[in-house]
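A short write-up of the structure that comes next.
As written, the chains take the letters A, B, C and D, and residue 1 is the first residue of each chain.
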Amino acid sequence: MNPSPLQHAHGVFPIAPTPFLDDGSIDFASIDRLSEFYLHSGSTGVTVLGQLGEAPKLDAAESLAVAERFIRAFGRMPVVVGVTAPGFAAMRTLAREAMALGAAGVMIAPPNTLRTDDQIAGYYAQAAQAIGADVPFVIQDYPLTFSVQMTPAVIRRIVEENAACVMLKHEDWPGLEKISALRAFERDGAMRHVSILCGNGGLFLDFECERGADGAMTGYAFPDMLCDVVRLQRAKARDAAHELFDAHLPLLRYEQQPGVGLAVRKHVLQRRGLIASSAQRAPKAALTPTARAEVEYLLARLARHDARAAL
Amino acid sequence: MNPSPLQHAHGVFPIAPTPFLDDGSIDFASIDRLSEFYLHSGSTGVTVLGQLGEAPKLDAAESLAVAERFIRAFGRMPVVVGVTAPGFAAMRTLAREAMALGAAGVMIAPPNTLRTDDQIAGYYAQAAQAIGADVPFVIQDYPLTFSVQMTPAVIRRIVEENAACVMLKHEDWPGLEKISALRAFERDGAMRHVSILCGNGGLFLDFECERGADGAMTGYAFPDMLCDVVRLQRAKARDAAHELFDAHLPLLRYEQQPGVGLAVRKHVLQRRGLIASSAQRAPKAALTPTARAEVEYLLARLARHDARAAL
Amino acid sequence: MNPSPLQHAHGVFPIAPTPFLDDGSIDFASIDRLSEFYLHSGSTGVTVLGQLGEAPKLDAAESLAVAERFIRAFGRMPVVVGVTAPGFAAMRTLAREAMALGAAGVMIAPPNTLRTDDQIAGYYAQAAQAIGADVPFVIQDYPLTFSVQMTPAVIRRIVEENAACVMLKHEDWPGLEKISALRAFERDGAMRHVSILCGNGGLFLDFECERGADGAMTGYAFPDMLCDVVRLQRAKARDAAHELFDAHLPLLRYEQQPGVGLAVRKHVLQRRGLIASSAQRAPKAALTPTARAEVEYLLARLARHDARAAL
Amino acid sequence: MNPSPLQHAHGVFPIAPTPFLDDGSIDFASIDRLSEFYLHSGSTGVTVLGQLGEAPKLDAAESLAVAERFIRAFGRMPVVVGVTAPGFAAMRTLAREAMALGAAGVMIAPPNTLRTDDQIAGYYAQAAQAIGADVPFVIQDYPLTFSVQMTPAVIRRIVEENAACVMLKHEDWPGLEKISALRAFERDGAMRHVSILCGNGGLFLDFECERGADGAMTGYAFPDMLCDVVRLQRAKARDAAHELFDAHLPLLRYEQQPGVGLAVRKHVLQRRGLIASSAQRAPKAALTPTARAEVEYLLARLARHDARAAL
């Protein structure tokens, strides 16, 4: 296959939420608004149908419709489509349909029952075969949520055994040494290059860029800030990058709470006018009035450092 | 809704494997043959698209086609359709389509991330709401595979909170006291009646019937033996029931191995002429020649006690 | 028994690391120095032999020696001793010996195999019986590390069923709503008062105090800052509390990484002159030179806001 | 060090329960009676302080006293002492004390938090270093209880990296192919010889011997039957071995239930007159009257085939 642009990606691919209207139906107009915002804020791509995107809450037809709308809205910018599924048949169906619509590649998280190195590498080999050798794919390495622990050596093995593997979504925690280890493999000629975009809500983005990551792929509600941090780091403006990052850290940390984090994000995105409703489909965790007030307090404090937060 | 026949079911509902041809496509002719065999061997229902049925390896359209074929072949006998899914949208879609085709009800296993009593009860309440109040459902309680531990009190809570819950597929291990506890709730008026059919390969079926279970719902390759054991137990022929059961136990235990068990079952079903091929879809565990020889040895030993095993 | 001072504790109980010399032997002199520092920085108690204190790496005699030294150094201030053990016999032995030495109470974390509400409540009932009704105990609720999920209702049940339960070490994540739920139980008369001190490295201490927590019990290497934040919150100086907290958040977050966090903490404590060596016993995660440099960078940035970090 | 007799062990090492009197104190007289029975029934060794032996329910002094009594009673027959512990200091202390008393070696199970191949191999390397290079050790590979999955390649790595590793207690499930894989490594010169004794209650002992295992290390209450089966298999009397094994399988399976299994075993051992009381320490699962009656029924059925069961 032709070289995938994902293999040398950098910058920020926001993980897009799936916007719903209050009645639970998909809000396509908000998809367009969100996409436009991502593009104008300097994003270099987008990832849809991720965990944050409530992908498991959509049925097959809805998944495809959401992917299609984002792909159309993003034009020539790369769209990564999450195709994680309990089996390879459903994964293949969605992957091939998404690619036919113009996706740049797909993202695959491992099932949470995998334990040994061989099981993990074997799973990705089977997945790659299932979706087809012409479909570029992204490894999602997120042990906190998926309970699967991939060592740097296992990631190298997946990369080396599967030509279609083009990117790592890195969200191990702790994870800084893992980035250094993977980049050392590459320097030593022990592993070909894949791009590394970091998740985990961006909680360590300040140092991840310095360790060799190419940017972020995460759902923080100020992706424009993430873009600026990555840009500053690439420009070697270290102190300025940390200054901006640190101002956001209190809110970013608040958003990065498991379970309730999505509610915080949708709330902030709605407050920013980027989606019409903060509705989620079940199962969901709602924000209490106290939590909403805490978010407001964090936004107000942030606004002293970053005008974007003056809502 | 009308009373569901599942609520007072008894006897044996085999968990049907999904037969594939050697090229991985669905073998509908074998579905018909298998269905005919189940009906003639005394089964009182059947369950399709279970874990054993490789349900996660089918895409949405295939799942529906398999369910439809079994439903057509079973005529007026009840067919339970597994609708376990990572999200409620896909669960609802399959459940409603299956019911429209004539299914008697659906079976739902919990996601392996549930821990607390509230999480488990909450999950079933949301699932019941998602599929609709008119769809009878079966709880699948299988901690060995799903890592979710439901106490008798939690099962009672699900039953009491959801009128559409009509049956428990019981495969906790150990599980005998759980059956006794649930039947004691019922005797004490603390819980309405639901049928209890036992899984776990039938490993404790001899005693489960004596504890108050209504029969079996499992995939052992001699469902005809399971039917006889349940019939003997209902006729209070205890020694005869155990005698028959014990003769099968060495093979039954061999089949009940996690992972490789499905390969053993499909192999035995093929040896019995009930499916055309023992092919599985990936991921799969194959039988080595040594394992095949062990199965042959077990079948030969079994044939001394039960002519059905003289293949 | 007499009322335990732990039941109405507030302020900060640092989780003390166990200092080792470079040869792996226990560094008792550093225990004294650390204790003196804790006392002078405003701590209202201390917790020893916790997870952070490398408790499982000590044998029975060493555990007792460490507890004794801290107890002697702390004088009349309360010392909580971690007695988490794989069985009740060892737990009882250490608990009773520690109390005889003058400990104020013990802390018990659940084994990571507990799942159902009944299992968790049953475990604490058995533990309480094992150590004796006269030993005040602290529940450690840390699902991220121990994989046990306690709902507010389960915690209430433990408190109500065990008179000797006097404190909750709260480190669920997310956890803010849990504090609010427990304090609501108390306001409604549904649960007697126990103190709540928060762990999790202090990552949400800014809001935890506002939610009703009494303070912190955690190992962040600037417990003096934690004391100030709790004091400011008690004095209703909200903005000042957040201002101070936010300045520390980049380092605090860095320390809160699982696995490597202890290495960061011991390094910072050594840099502050509070322990002689940052040595750990195996198994351990070491700091790479890059990580050390990152810590230095964070300390330097912090020093602009807080003179304590000017090392 | 001198070659360990464990490396070439064969036959049956019963896993000894720890007998308690009804008041929970250790019943040393029953240790002597049990030991005598084991010796006279053909056991070639014994394992004490295992999971079945309620090891975590003893404190350090009691553990040593139990080990000492068994070692004295067994004379020159090898005694393996379980030293699994949450940390290396306690493990080392018990291991060295047990060896000083005359133990033949120690058994180490992995903590249930290990996931990756490197974590598992690293753990055994650290444990081997902690106990000392002169202490022969046994790997306990029991994923059903410990949740740690060791591939054949990982076991080979532990064996090759640690000269003191002399035996595998094999209780993976399914596990037949694993034995074949390990013996194939040995035949190919890829791994030195270690003995393999099988656990899992003996549930697959009939075939395990045929696959290359050297015998059993498990707690089934008729270890004399296990000895006979292993002897028959070594004498190539395959049918006779299976005939005897199959007669015991209904009871053996009943005993092999997690949690309640120990209660069944102690009950049967008491019925056989080998221990004075079936008492366990907390936490424990008791036998209901119904369960007791089921065991009696199984014993009565077994007695038709094996006079040992005529109690």
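Criterion: a contact is a pair of C-beta atoms (placed from the backbone, for glycine too) under 8 Å apart; a residue touches a chain by one contact, two chains touch by 3 or more.
Since this is a predicted model, take the numbers as computed values, not measurements.
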| request: With chain centres defined as mean CA positions, report which chain is farthest from chain A. | output: D
| field | Copies chain A and chain B touch via same or different residues, half shared test | value | same
| said: Per the definition at the top, count C-beta pairs in contact and tell me whether A-D or B-D has more. | reply: B-D
| field | Between chain D and chain B, distance of the C-alpha-averaged centres to the nearest whole Å | value | 34
| note | Distance in whole angstrom between the CA centres of chain A and chain B is 38
| said: Using Cα averages as centroids, what's the distance between chain A and chain D in whole Å? | reply: 48
| task | Return the residues of chain C touching two or more other chains; collapse runs of consecutive numbers into ranges. | result | none
| field | In the complex with chain B, residue positions of chain D that touch it | value | 173-174, 176-177, 180, 203-204, 206-207, 210-211, 242, 246, 249-250, 253, 257-261, 288, 290-291, 294, 297, 301
| field | chain A - residues contacting chain D, complex | value | 115-119, 148-151, 153-154
| note | Listed in rising order, chain B residues that touch chain A in their complex are 54-60, 62, 85-90, 92-93, 112-113, 122-123, 126, 129-130, 281-283
